[in-house]
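The first chain written gets the first letter, and so on, giving A, B, C and D; residue counts start at 1 in each chain.
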């Protein structure tokens, strides 16, 4: 699959750096890290930097290199000791510039910047409570509800970390947060660990990142994952940990391994690339087929395709050329050519598929429309058979924890049998990875997994609709 | 290898559409085609369109989607019958906006637009002759010398194609050209066929393209390659061919197969993807090694790596994550992080290489600096051995036909033995594909190949330096 | 005077339209009105529009035509019934995009957009109070403190206008505000009337504007000034007025007549152009001189110069050519030419001044540096004598009500006698308008005037420094 | 009048600097000078700079500050010894980027950059001749025909100035040219002197400019006008003059005094401001009227209005506020407000005109549509009578020398009597300056004047239509 419309969306990536000895240009570090996390959110991004206790920020709609031009980078304070960054997908509807993060707020105890990845299950409820007390909101985001919760606790507690700890009693759902005030940085991962968060180091500087690939990007060293429920405080003296909220059932989103995270990242002890290859291998065991070549749908199906090929013994092939210049601003010139869009982006390599029985591996099928187009391309390029293998189970249930699973009526698997879907997308056979197997792909993972979108069973009770923001 | 600085540069891509029955938005077709040819030139691009005999154009520095914004597309005439397009690398030095193509000229016989891929070996000589006759030049390009040559012949001949044919007697070197006047389009490929050029069809519209992938991009059908020396005339009545200059020794640049062309293209009867896999297979035969995994340097080494793996029986692996968001405007924030650039772009996947003996396949080694960095990344990620295999021979000689081979003193293979290079880039072993083998990779190719950059033997005598433009 | 640095800055302009019968494109109306109010604030601007009860907005740093490109205008809802707009100067320091108005807030009672001109004398005090109650602030502006005050009252009162009325008990200082919720628009002017605000009509649509010139700009009809302390409510039924806060001492800023307002505006019954001509006439009476020509410093001194000429009988002349193309992005190429900047902007017309005794009229002298340059230009152009006349008294005291009077140490008149200033700026004589006269320039003005920056006497007690925002 | 559509257009401004001792940043000097000449051409502009014999350039559509951003200025060579600049109106039709100047050409004798103001009467004829000889054209401009003419002569003569001198035998019409090669700068004014050109000095640097205001803008000193027919050569040794083409009948365009030139310029010995005041005075003598106030249409009618007031004894008034923020990108939001455009740009000051008999002075009436709108505004603002006075005669004939006089059928005076025009634009009386008087406005002018657009009599025979470019 190649069209963004067809793919599930992750909601965000966060990053923080505390540069104790002023070894780094912290803005530059966040910039590079956000580049590495860009796959987690492409609608807006932002950087907040703290120089001598003063926080400045810039955020806007656009990719990192669109928002942070050299001119804009030059306008940020150049000698910051701390900085945090964020990249974002809007959960639904039009992206709004005012919803971009990091959120910046001023308060009696000073200023604070906050970057958040996840989704609250009681966001609307919290918002309503603060509004009844006279609070005003500038955005529609859970991030602002979180900021209110922390700030209200801050009035009753004498440190930022104590306020965060108290706020955790009120926040429900998925949240990986980095927050910074004039002197310290606090990172927290919700007690179920829905979204990843890790700790890194570069020289004497401490790093917080959604994924380890961001630590790599600035040549830092991965230190460890932050535990579900853990609060990490980074200040001039070092890194402190509060595990008083730890110990609950783990619920790391399995789709981080299947699709969201970058394959070079390692999350909660398990390699994403390896998890995908294992998914492919399980697929080969569960849905074997006689074929001549195994290809992946670029880019998300490549690793699983390799795993399928290795397990099955069918040769791995490179089936498509993906146009690397097609960006967000690609315009479809006119109606006549609208239907062919997919071929500008993805052209089959006939030398690989012509006259062959092809196994096509992709991470999932959401609506099925793009799968249909890709299969058609393969047939036109001469494939004699096309066997589709999805490296995850079929989506059947909503996600309340930050993944943009479409409404049930749009999920092809809700109202169709596997055979019907196969017919719909025009393949000779179709196989989804089983729920049992998807639970096993992340070998060595130290955190329990949430597979709620496949099973309807979540680590926490599903929320009432009116309590969820928007 | 991943850094553009390190890669050889192709000089251009050309495209033309003659939309006999007004089935297409010709601007949109060129736009999509240039997207597909973007790999052939990323510094500037342009579109010239002919509507009711009047030619309009726009061209500028930048990628296709940067130059042709929706606003700019809307400003072009919307009902053209013909259009041509061009994307370009400057051969050396700073890119100049005024050198962007298509070249547009006005003349006594009307207007003309011209797009050119290649390099003349007598460009400066021609220019000097025209200047002595009172001509003035606005650019430094061979394209302008070609325009002068054609126009001067046009004064003596009564059709554009006759002028082109006569001009061919004067033009020396590599040229694939599409030229359009108020009523017809003429395409020509030099008698040795240094650069590719093919014919396609979309409905009743005829297409000319540097590579077949551009025909695919607009859902057209590939018709045939244009022969070395062939002149193709497209007008309201159909497609006409003049083969009077055909029959000379073929000299298609072998590097089109090794690196320049897109793997989904088929050139002169041979699949580029297959040629690369064959190059990998020959490499495995010529330079076998005991190893655990074969990986390719993204993206140009992937096909050859697969060929090496299949021939050798060593498993194919995915060794790197290439950041797909790193564009031309990526800025390196500060000196401290400059050295790490490569890792923002390319991060090794430890799960693939850790504790493994790795065969790393790339298309070539030019200066060696990027190879060194990539090898270092693999070692840091835990590779126990790294064996480098280049899917082409070592560069030893200049190219006069449109490839930007560096000066001899910058070519690592000129002054170093293979062992010295291996030491320099830090690998356990190194193997280049032999000249004999590279000549065989394009199985079924209907055109002879030029391998001059490896052997110093060209299909035509090497030119005197003062005759070459710039 | 011509350099912005040298001029006092007004802080804002506001505008609102309630288009009862959908006769207008309300966005377009605000756009045109903001153009007419651009002189009141050039750093940022914004438009908020209400379509079927939903409020959308856009705001950014830049001039109206920079922020509201055709693309941006097209993105706003196209069928709004109400809209408000704002243009702004930041009171000090760097302009911040997040401080741009209209302020938009979400609350339990719905959304609201607010545009504010003025300055609170208890802004910081209010902010502190709300922060102690758990409120969080996104900006440093008084506008946000006002929004909090209104919203907190809204929880206790059952209409927006009742909340505004109650909020007035808490707000101190200068404020002209337009606020809009999903169904109505409320405009209010502080009880002293420091800043102007008027009511207009265009067809059935009601208009609110800082100055009557904005009403003219959309071909509307001026209706009347809003009284100091008056609350005007505009809803689907019509225009309602609440005068319960009226009746206090008037304090309209006299500098609105001298410099801030546009000469074609009429404020509180007095023509700005006429006020300036009267200022010039008073000047001629108070500081007569033997001279050959009276010229004004473009553009702010022209009207007063004409008044001086008419009163004195000395011919009026056009002394300078002001370059109308010099915009905000004019860059001073290098150090060598830095000093000549003034001449690129303002060139003396020798034909007017050569060999003449010149009376130069400008609105005021703040620091004196630009006056010095202009006088020098006149001398170089051949003026034999230069007599400077300022159409306002010398600045001696701070302004707490929205005018950016520099710190006392930067005011030339604080530490220098008139003779010393004359020497400093190189003139043969110098005269400031007297305080008595400046009070009389706005003949027919229905509101008392504040002349505190000249006298230190304000309509309300000067605030404590810590209570003022920033 | 205030709308560009209604005004005649000048075609260009030129500037050159030869910085013998490297005292200046020559790019910056040209930038400032083009700012001062911006009124002569607002569609495109360009700078060419020569550093150590190499010429670089940049040119584009847009105003000086739009084209020459700080980034673009930084990209030009920073140590040039010579530079030339140009700003331009296209004579008709859409502006084309490729037609922007300075024209840059490469030739056997090196490179050359050329800036041209004027219009040839044999441009098309020359072009045809060169095309027949094999020349190719990139543009539609006379500038390219001039370049060809000079270059062809350069092949036969051994210096640039000799080539220019020989070229003058072939060029017919109006031309003020600055041309620069690797070592010298040559300026030439056609033998009739249709367009102005002057010489200045700044330190040791020599300057060439269309108007003296450009010399002023960089704080240079005006030296003298270049004579009609004079060739000025500036090289490392100094300034040389060749007057061999001098002595023909003078034909400086009288409209330079009436409208085109900046009032602070002095052309051929006569002050533009004074010429306009004299035009106003003659008007008062020729067309007296009983009235209460004389106002000018901003900005072009202000000087003449002052002259009328002084001669007639009727008080001078400031009748309009012109919005100085209305730029080229002002968009007219929707149909409903289209008609009101004029009021956004120009608002009458009621305090000046209400209840008054008003004399309105403007430079000319072309089509009459804008005059109609302005008169209407005055009536709505309460003027009891409006008497229109045009400070030039009525346009009756075409201009072949660089002024964009509309086609005869669009000239209101061709088919209407003065009374009919008065009725058309709604005034109580109307008077045009007589041809006899307009010839006398430039008192002291050292050059004969062309008044062909009023009289049909030109200093040279009117050309055949087919010989004129476009």
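Worth pointing out:
Keep this in mind: a contact is a pair of C-beta atoms (placed from the backbone, for glycine too) under 8 Å apart; a residue touches a chain by one contact, two chains touch by 3 or more.
All of these numbers come straight from a predicted model, not from anything done at the bench.
Chain geometry summary: the mean Cα position of chain B and that of chain D are 48 Å apart.
Look at where the CA atoms of chain A average out and do the same for chain B: the two points lie 37 Å apart. Chain B and chain C have CA centres that are 60 Å apart.
Annotation for chain B: no residues touch two or more other chains. With chains as nodes and touching pairs as edges, the resulting graph is a single ring in which every chain has exactly two contacts. Inter-chain contacts occur between A-B, A-C, B-D, C-D.
Chain contact summary for the complex, chain A toward chain C: residues 98, 104-108, 128, 130-140, 147-148, 151-152, 155. Residues of chain C touching chain D in their complex: 23-25, 27-29, 31-32, 35-36, 38-39, 42, 63-66, 68-70, 73, 213, 216-219, 262-264, 266, 271, 273-274, 277, 299, 302-303, 306, 310, 315-318, 320-321, 323-327, 329-334, 336-337, 339-340, 343-344, 347-352.
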